[in-house]
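The same chain A turns up in both complexes below, where it pairs with chain B and then with chain C.
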Partner chain A sequence: MESSLCFPVRLEGQTIYVLDETRLPLEESYLEVKSLEDALEVLGQMKTRAFGQVLLFLYTCALTGEIEGIATAFKKVRPTFDFNSLAGVLKGATQKTPALSAAVASIVQGLDKKKKVRSQRLAEILPYDARILTICNVNGELIYLADALSEMGKTATFFVSETRPYLQGSRLTLWELQRAQLPVQVLCDNQAAVLMQQGLVNCIVTGSDRSTKRGDIINKIGTYALARLAHYFNIPFYVLTQFPLAIDIEDITIEERPPHEVFLWLEGNGPWPDALYPAFDITPAEFISGWIDISGEVACA
Partner chain B sequence: MESSLCFPVRLEGQTIYVLDETRLPLEESYLEVKSLEDALEVLGQMKTRAFGQVLLFLYTCALTGEIEGIATAFKKVRPTFDFNSLAGVLKGATQKTPALSAAVASIVQGLDKKKKVRSQRLAEILPYDARILTICNVNGELIYLADALSEMGKTATFFVSETRPYLQGSRLTLWELQRAQLPVQVLCDNQAAVLMQQGLVNCIVTGSDRSTKRGDIINKIGTYALARLAHYFNIPFYVLTQFPLAIDIEDITIEERPPHEVFLWLEGNGPWPDALYPAFDITPAEFISGWIDISGEVACA
Partner chain C sequence: MRLSEVKSGLLLWGVPSYQGIAEITKDMKAEKGMLVLVPEMMPHCLGLTIVKRLQEKGIRCAYTTDNMLGVLFYKNKVETLMFFYKKMANHHMVGICGSLYVCLLAHLHSVPIKLRQGDTLPQSALDTSVLDGHLRIQYNEMMKTGDESIPLDIIQ
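Right, the complex of A and B next:
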């Protein structure tokens, strides 16, 4: 099965179509991006994120014929994600496939294949009756995971933490799992501890925006609390990691998002009350049971 | 200083005026309750909660001249709160003051005085530079606390967890602390762990809907996770308890609220996706540093 979130950004001719994730689950609509300026705007407004920002970066490079400048510009808008490494991957690919758009296409195809392999590896580790708690969204990969589990005769039930303030869990993950007709329930982030306490979940699976040499991960705010609680309840915590563990924690800038995002639920416009909103948190390696790399490599604690 | 939330429900003549907490912080409006039926409706819709439901119960008794039947009816709508004990308190008061409305008035006055004493006791325990993390809402008592701290030459800064799904933290506590011009920031529930990790808070203060003989408390969902994390970070966790610790945990029914409340942020109407929403959780005594009883008694772990 596939989700619209597997490829939320597509290049057709000279236009990049970006799935407006902020409109989900109400409607599946696409924004048109025709320049670097357009791309930075949808990025800053978090119309797309995670794998979508990888695709947006790659297609913006294909569209403009540039790499370095695009990485610098993207990093200014979303400082936590490693656009420089991604630029390195793209430059590497152009050694073999000089045409930028062809190099991009081969990277995108390769990444999707790798995500399927990664889901396969994770499925091998999970229990036969997998009751999976997750947070935020990993772009269709939970659906690949459910497919892989099903092929092994394993069952999957999903519990999705809503992921305040941007509600990527409720907006995206719940939506894609429901469309794939998988058993899923959503919960408020502050209910996860009770689910664990009551034995309703037996594993936790999250993505990660970045990871370090020693296995710490940076992921959506709330991940750290889940990992800390799972450790206490002896529930294994598995992370899908994006890139080789080649950096230190000090190398990473944790992005702060504007306070008004915390007040999306308020009708009308500001002024918004004072709010704290670091967009990501750091989960130290000691709370992680297993890392499944995009290459399909598995490391267990 | 006083907050509108200190007395969110008032009796004037034959009408009970109920502050519609679901309209805060957008507007301060009052609903008129003239019968038990009206009272049960505003209770079920959570127009008022916590101390408001205590007041609503007492004034509904005064209005209808009945006690037992009112307690049974209230308990059906909000099963976690102990309306039966409250009925006992009211019956006890009528021994001294036979007129039901006079008995109610003296209980209400007494409770407010006790809350001030309780805030005083808690202020004595808190550090000089109190950086207080709280969740949900304790009906103006944080303002009494700030007053008491200030009289002792101590300072108070508040961090308010928004308290999903009903957002009592953002709607009520932030609103009343801002109106009292106290320093306050709101955060998403899943950010609390990072605040603790970074040393930004040095104590946690919450209310409790119920508490047991051994000191376990039942409070708004999310409290348990805060207590568990605070214990890990060695941050003292203080609880304002309502009633003597005279019950066991098995005696308490944890209320489940309807799933659509988790989706308040979605525009339009249902059908709502499947959601989990236990309204309360249980925090075991071992994670609590101190209990401050409504009578002003303090117990420390």
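Right, the complex of A and C next:
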């Protein structure tokens, strides 16, 4: 069963339909985007993120007929993600397929195939009884992973860190895994150490928003702690990557969200205390066991 | 508050006793500008109650979610962890849910851990909205939460 999070954004005619991820799991509703301004609003409010923002970028380019200006505008709103590299991929595709919308379609189709291949590669290195701890949400790729494991005669059990404050783990990943009837449990982010200590998990799998050739990654806040703890408990930590660059990870801007968003999901209207909200963290390569690139290439430490 | 505005803070974990709060107040007077980092401490959002108590005493606080602790250690924003434990048993310190997570992160980043006897909050003071606040999703598949034991070699 494919999750609607596999393709949370689609283009129909002159309208982009964006799955409102902030409404999940209570409601599966779509927002209409007809202009760059609409797209930036949806992006800024985190109605979509991760693979959704990749699709939103590509379709906004197709809609407006622009690439570089769109990349600049998107990067202002979500500074950590590498929209410039994505723009480069799109420009490269237009060399072969000059019509922008056709080039976008070919990239999107290719990305889905690549995600399936990437899941197969990861499945090959996971244990037979994979007890997988994950954080945030990788847009349906864990379902591809479970399918790939099953085809190899392996089993998968998932443990999902709730991923505060936006709860991508408990609202999105738990929801899509349950709909796919896969065994899954949700945990408080702070329970990860106990889970590892008790041997309940034997591997960690996460996505990454950015990665470098050296192997450092940037991913959802909380990823670094999981990697450090997994390293301490000798549990392998695998990362799904795309477009690794030969840059210093510390040079990448880490987005900090408005502090009031820390309390979005809590009851009451405040006043709330002063809060910190770095949206991502850096995990150095030395705490990562393996990288599975979007091209399907596997590198192990 | 931006992360760059935090020079170095005292990270608190567990429920501070009145003596503990008095100690933090004294430390703050001695070190002007000291910031107390108060994590959410799920599943009961203890941090929200504790931050109110500290602010009433004039203590400057910054609230974080539990999964932000890693980046605070990574960026050297934690000078000391003040761990309010519940009890000591069999060469282990017993603390609230998440105690192993925070103590191990402190240990791995060579951050000193100050041990203090903690308090308990009355059941009525606990935010039982737990995982998702106002959404109130029915979680049938939630890991059981409870107190955690931390081996002394991690703390020392």
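By our rule, the second predicted complex is superposed on the first by the 291 of 301 C-alpha atoms of A that agree within 3 Å, B and C clash if a C-alpha of one lies under 4 Å from a C-alpha of the other, contacts with A are read in each partner's own complex, and residues count from 1 in each chain.
FYI, contacts are C-beta pairs under 8 Å (C-beta built on N, C-alpha and C of every residue); 3 or more make two chains touch, one makes a residue touch a chain.
Keep in mind that this is a model prediction, so the values were computed, not measured.
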Simultaneous placement of chain C and chain B on chain A, clash or fit: clash
Partner chain in contact with A:L195 - chain B first, chain C second, else both or neither: both
Partner chain(s) touched by A:V262 [first = chain B, second = chain C, both, neither]: both
Contacts of A:A225 with chain B and chain C, given as first, second, both or neither: both
Among 9-17, 27-35, 45-53 or 81-89 on chain B, the segment whose C-alpha atoms clash with chain C after superposition: 45-53
On chain A, the residue positions that both chain B and chain C contact, one per complex: 25-26, 159, 161-165, 167, 170, 174, 178, 184-195, 197, 221-222, 224-225, 228-229, 232, 262, 265-267, 273-278, 281
Parts of chain C lying in touch with chain A, wherever the complex brings them together: 1-3, 6, 38-43, 45, 48, 51-52, 55, 61-72, 74, 97-98, 100-102, 104-105, 108, 127, 129, 131-135, 137, 139, 141-143, 145, 148
Partner chain C, residues of chain A touching it in the complex: 25-26, 135, 159, 161-165, 167, 170-171, 174, 178, 184-195, 197, 221-226, 228-229, 232, 254, 256, 259, 262, 265-267, 272-278, 281-282
Chain B to chain A touching residues, read off their complex: 25-26, 159, 161-165, 167, 170, 174, 178, 184-195, 197, 221-222, 224-225, 228-229, 232, 262-268, 273-278, 281
